[in-house]
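Just so it is clear, A, B, C and D label the chains in written order, and each chain counts residues from 1 on its own.
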Amino acid sequence: MEFVSQHPILVVSVIKIAIALFVVMTALAYLTWFERKVVARIQSRWGPYWVGPHGLLQPLADGIKFLFKEDVVPPTADRITYVLAPFLALALALTTLALIPIGPATISVLGQKTQLVIAHSNIALILLFAISSLGIYGVALAGWSSNSKYPLMGGLRSSAQMVSYEVSLTLSVVGVLLLAGSFDFYDIVGSQSGRWFHFIPKWQIIPQFFGFLCYLTAAIAETNRIPFDLPEAETELVAGFHTEYSSFKFAMFFMAEYANMITVSCLATLLFLGGWLSPFPDTWSWQLYLPAVGLILGGLAMIAGGITSGQLTAKLVFPVLGLFCLAVGGLCAIHGVAVVVQGPFWFIGKVFLLLFFYVWMRGTLPRFRYDQLMSFGWKFLLPVSLANLVITSIVVMFLGARG
Amino acid sequence: MVPISYYVILSAVLFGLGVVGFVFKRNIITIFMAIELMLNAVNLAFVAFGTEFNQLDGLVFVFFVIVVAAAEVAVGLGIVIVVARNRKSLNVEDVNLLKF
Amino acid sequence: MSIAMALFIVCGALTIFGAVGLILAKEPVHSALSLILVMVALAVLYLLLGAEFIAAIQILVYAGAIMVLFVFVIMLLNAGEEVRTNLSRLARWVGLPLGVFFLAEMGYLLFHEYAGRAAGAANAPVVASTTDLSMKLFTEFVLPFELTSILILIAVLGAMVLARKEPQ
Amino acid sequence: MFILNHLWIILALPLAGFAISLLAGRHWPHKYVNFSSVTAVVLAFLAFCELAREFVHLAPQQPWIQSYFTWMTAGNFRVDFALQVDQLTMVMLGVVTLVGMLIHIYSTGYMAHEEGYYRFFAEMNLFMFFMLTLVMAANLVLMFVGWEGVGLCSYLLISFFFQKKSAADAGKKAFITTRIGDFGFTLGILLAFWTFHAVDFKTIFAQAANMPVEGMHSWGVLTSICLLLFAGAVGKSAQLPLYVWLPDAMEGPTPVSALIHAATMVTAGVYMVSRMHVLFSRAPAAMLAVAIVGAITAFYSATIGLAQTDIKKVLAYSTVSQLGYMFLGCGVGAYAAGIFHLMTHAFFKGLLFLAAGSVIHAMGGEQDMRNMGGLWKKIPWTYATMLIATLAISGAPLFAGFFSKDEILFEAYAGPNANHVLYGFGIAGALLTACYMFRLIFLTFHGKPRYDEHHVHAHESPKTMLVPLVILAILSIFGGWVALPPYWGGVNYFDSFLGPAFQTSSELAAKLNPSWVEPAHSLELQMTGIAVAVALIGFLIAWYVYILKPELPKKIAQGFRPIHQLLLQKYYVDELYEAVIVGPCVWLSRNVLWKIIDVGLIDGTVNGLAFLSRGVGGGLRHIQGGNTRSYAAWVVAGAVAVTIFFVWMVR
């Protein structure tokens, strides 16, 4: 105990981790709901509807279902690895989130001033890449350990795919690094503050547009999503590397995938979209209250929806949630809090947009063939990102953009 | 604060284990890994001394070691694949054509 | 006992555990996994020593790329359990004792050397900032750096040539 | 001052000619080769003329030294590439360039039909280069380079017709024989360096000037140096006992014999001795040795000359004997006289050889005088010039040889360190000289033709050959007049010109024997009279024997058979050397060096090593069992060993 009291930093970190974990888990859950809804709309269906109004409680139901299903381990599987793989995947996916700051402000917890990030490192970007590069093992080991044909193929494919696209993913980011001159997310975002002509925000997406495109493509491939979801190409190999997995282990892979989506979206936001910076000029002071307004409106909508809905659970649950939202909104209306919340608000907003883009993609595009995928990755994406890198460095050299 | 001696001894132990593995494993790939283990042990020593004596050269050296290791693995695994393809086995003792 | 010490003990234990696992495991994949464990633990140790960049590189390149290659090849060749052929006499009667002796020797020697340092090593390790490292790398060591790039290129070509299927 | 500041030009010209002719000349028509080589030499001569003008204008009392770069240094041993010019050098330069030029021109005609035309001229140019180096060198080592260089060229040119075994052998003989002398020369240089800690003349002479004069019977280091150097001179200038190579050297083309073995190279010894006069004059014993060798050689080879029948051989022996005179001059301290005779001899002996060459050319390669005769109306120009040369060499009054030989003989008789015995040898030699020279003339040009006129169509040589003959003839007549003895009412320009060069020695000589007094002109007149009389007697003998009673020679040969044989066989010296020196050497090489050392020791060692390594390899290869892990074990063993070494041994 006295060890802990000697090091309150540990306590603070634990608290932060707990909060982050809760938030992210919820986000994951509802991301699935969101995806299904949007895809359904794109395909002019209703999507999940019956569990809760608009199927809002669907994720909950899914989670329960996963938990209670039987956990099958194939007898021929290599047991240790088989069990290890999903944990590895999820753990790594979540670990990366620890490096991602969501706001500029520093708050004080237990008298400890701390930032809105779990682990602040001045080489955060590299660390992030390093950790995410380990994510391959989850897939590969899963594919290998199930000791069956389709998973093996899926594992091979995905590891090959990830290794290949990791290269161009990293390269596409270097341009930003050159302009920002730091690995630290705070510096990178800081380098994007300010505006051209007092209006256009100096986000990296403008000078690094091609870099952004490369990054987006590589990121989609990296997260094994359509149109690059070869590892779980249903038509070819049943469900790819996690064919043999069932119940909660399967859920872990599922969560890991969405966590990766969130991670890359956050990264894109931080690197290219100016992180937590507001798109509006700072002079517009009213934007301080946007979060509050949003929350209050949302809360009201929930209350209304809950009352009007026909289901009993909805009648009970939603007003409560709405009231909670109203309360939080009111909290955010306080000036001090508003300042703190400002950053996370914009940040989450941008991440949300990116996630929507992902889902949109999934709803729209068909799947590549494997050889197409590889040749695209090596013969198109890599050269383009390299060219982008070279041009950027030349420009930096002659214009001396940043130290 | 951790005395440097601990790091160095740790690296020595790792190196020794690497040597043992190098001598005793039969699978070519595993032997390869043992070599990587030795390299890592050396790296640890490098970094330890580098920080101990505030010499960045140690770290630079680690950098180079890693790069070389990467190259080595690329070629080495290529060779392993060829060997496996030709001799239908990954056991070093089956790779014994080159002798007097 | 400080956090650093605790971390060191934990990671050191992990590394040794991994190394032993590498040797004892029958399945190549398990060996690979234990080696990855060693590498990650080493990365933590590097962080502890204040060499963040090296730590990151360690994970990114070693664990993230090299070991992936290993696993990949293992999967590709579908390398099964190690066959237990009996050791070559030489390896048994010379290699084993020598290996152990080597271990002991190094341990004894280094401890002898640096046990005295324990006190001297109290000074906090300076954080080797990435900037300094890159400055050194691109000024003093620029030629070796370029050479390594060439080396890598050659290695890539060699790997391609080796792994290519001979056209029948 | 241009040439004086750039002495190297004189060297560079022939070298350039050599390079061009050798590299490009192979496929060139002759006139291109002429252009490159002959022009080079002509230019060298012109450069000399300019140099002479500048030199006379400057008239330095000290040698004019130009050091271009440091050639080699080792410890305190330092050799510069330095050239020097003083009066002595000037004389030699003049002789070498002038005669060299004339002979080059002559060769264009003489060699016109020979194989390897370009090679001949390339080597001639190379010879010129080395000879000039030898003459202009400012230190012993550089001089030695020239010395060996001319030796090399002599070897190359003697065996120019290398298809002929005799020619090849002659070349080798010349090379090896001179090597023996050069060995002494090398030792002399080393000893000089050991003594003076320097090899350049300036320092050596400066230090030697302060050293005491060594007595006749108490040998010192100076005497040793001088004798060693003189050994080199003996080899190079074909004196007893190393003269044997020179007659054989006549195997080479006649221009070579004229240039190298009459005019220039063989006189290098004389030049060297007089160059080192400062040392010699402080070593009377050495001086005496020089004088004795010179005198005896002069007489001895003259006697051989009497009996030879090959026209060039006769000339060769006469060369040897004339060189003997020069050494006699140097030996008695009359360096100026020696050099003077060197110059005149270069003129008339060069002329003799060229004329002989012309005769041979006319006779279509015939060299034996017994198959000639009555040529004088066939080839009048050659006859005239050759007659002039003969008069000059046998000391007919007012001809070049007359003055020079007289001066030497006079010095030998009445000089500061005179020696009447040697004088006797000299005068006897003079008699024989006249005798055999006129014998040559009579046998060759007079009497009835003894050759088949239908086959041999004797014809006069082309202009390119005659012009040099005429020029040399003129020089042989008037060349001596630069040193008219005072009692002729003339002025000895030559002595006064060379004065500064030999000043120290002459002063020293005067100081050494104070009893000596300048001899009266009357004495000088008597000496001259004797010399002329002797020459006349020699002429008359030859005339009586070969013109009045042509059958007489056979009778003599019959009557004094042993002597005749002895002379004809050159005193069996070659056979002697063959038996005493060459034979044992060959035996040693064959039975010891080859059969024991080479086969037994060296080959044995090599093969033994090879066998050993093969055995060891055969044993060791079993380690390579193809089992990778045993290799690994070995690697570990090595690592352990290295660690142990570095940890417990090194500390």
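By definition in this document, a contact is a pair of C-beta atoms (placed from the backbone, for glycine too) under 8 Å apart; a residue touches a chain by one contact, two chains touch by 3 or more.
Because the structure is predicted, anything quoted here is derived from the model rather than measured.
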item: Labels of chains that are neighbours to subunit B and to subunit C; value: D
item: Centrality ranking, top chain (CA atoms only); value: B
item: B-D compared against C-D, more contacting pairs; value: C-D
item: From subunit D, the most remote chain by mean C-alpha position; value: A
item: Gap in Å, rounded to a whole number, between the CA centres of subunit B and subunit A; value: 36
item: Inter-chain centre distance, subunit B versus subunit D - centres from mean C-alpha coordinates, in Å; value: 77
item: Chain centre separation (subunit C, subunit D; CA means) in Å; value: 81
item: Centre distance in Å when subunit A and subunit C are each reduced to the mean of their C-alpha atoms; value: 31
item: Residues of subunit B touching at least two other chains; value: 19, 23-24, 26, 93
item: Residues of subunit D touching at least two other chains; value: 625, 627, 629, 632-633, 636, 639
item: Sequence positions of subunit A contacting 2 or more other chains; value: none
item: Chains that touch, pairwise; value: A-C, B-C, B-D, C-D
item: Interface residues, subunit C side, partner subunit B - complex; value: 2, 4-5, 8, 12, 15-16, 19-20, 22-23, 28, 31-32, 35, 38-39, 42, 45-46, 48-51, 53-54, 57-58, 61-62, 65-66, 69-70, 73-74, 76-77, 79, 82-83, 85, 87-88, 91, 95-96, 99-100, 102-103, 106-107, 109-111, 113-115, 117-119, 121-122, 124-126, 128, 132-133, 136-137, 140-141, 144, 148, 151-152, 154-156, 158-163
item: Touching residues on subunit B, where the partner in the complex is subunit C; value: 1-10, 12-21, 23-27, 29-30, 32-34, 36-37, 40, 43-44, 47-48, 50-52, 54, 56-57, 59-60, 62-64, 66-75, 77-82, 84, 90-91, 93
item: Touch list for subunit D against partner subunit C, complex; value: 625, 627, 629-630, 632-634, 636-637, 639-640, 643-644, 647
item: Subunit D partner contacts - residues on subunit B that touch it in the complex; value: 19, 22-24, 26, 31, 92-93, 95-100
item: Residue ranges of subunit D touching subunit B (in the complex, touch as defined); value: 621-622, 624-629, 632-633, 636, 639
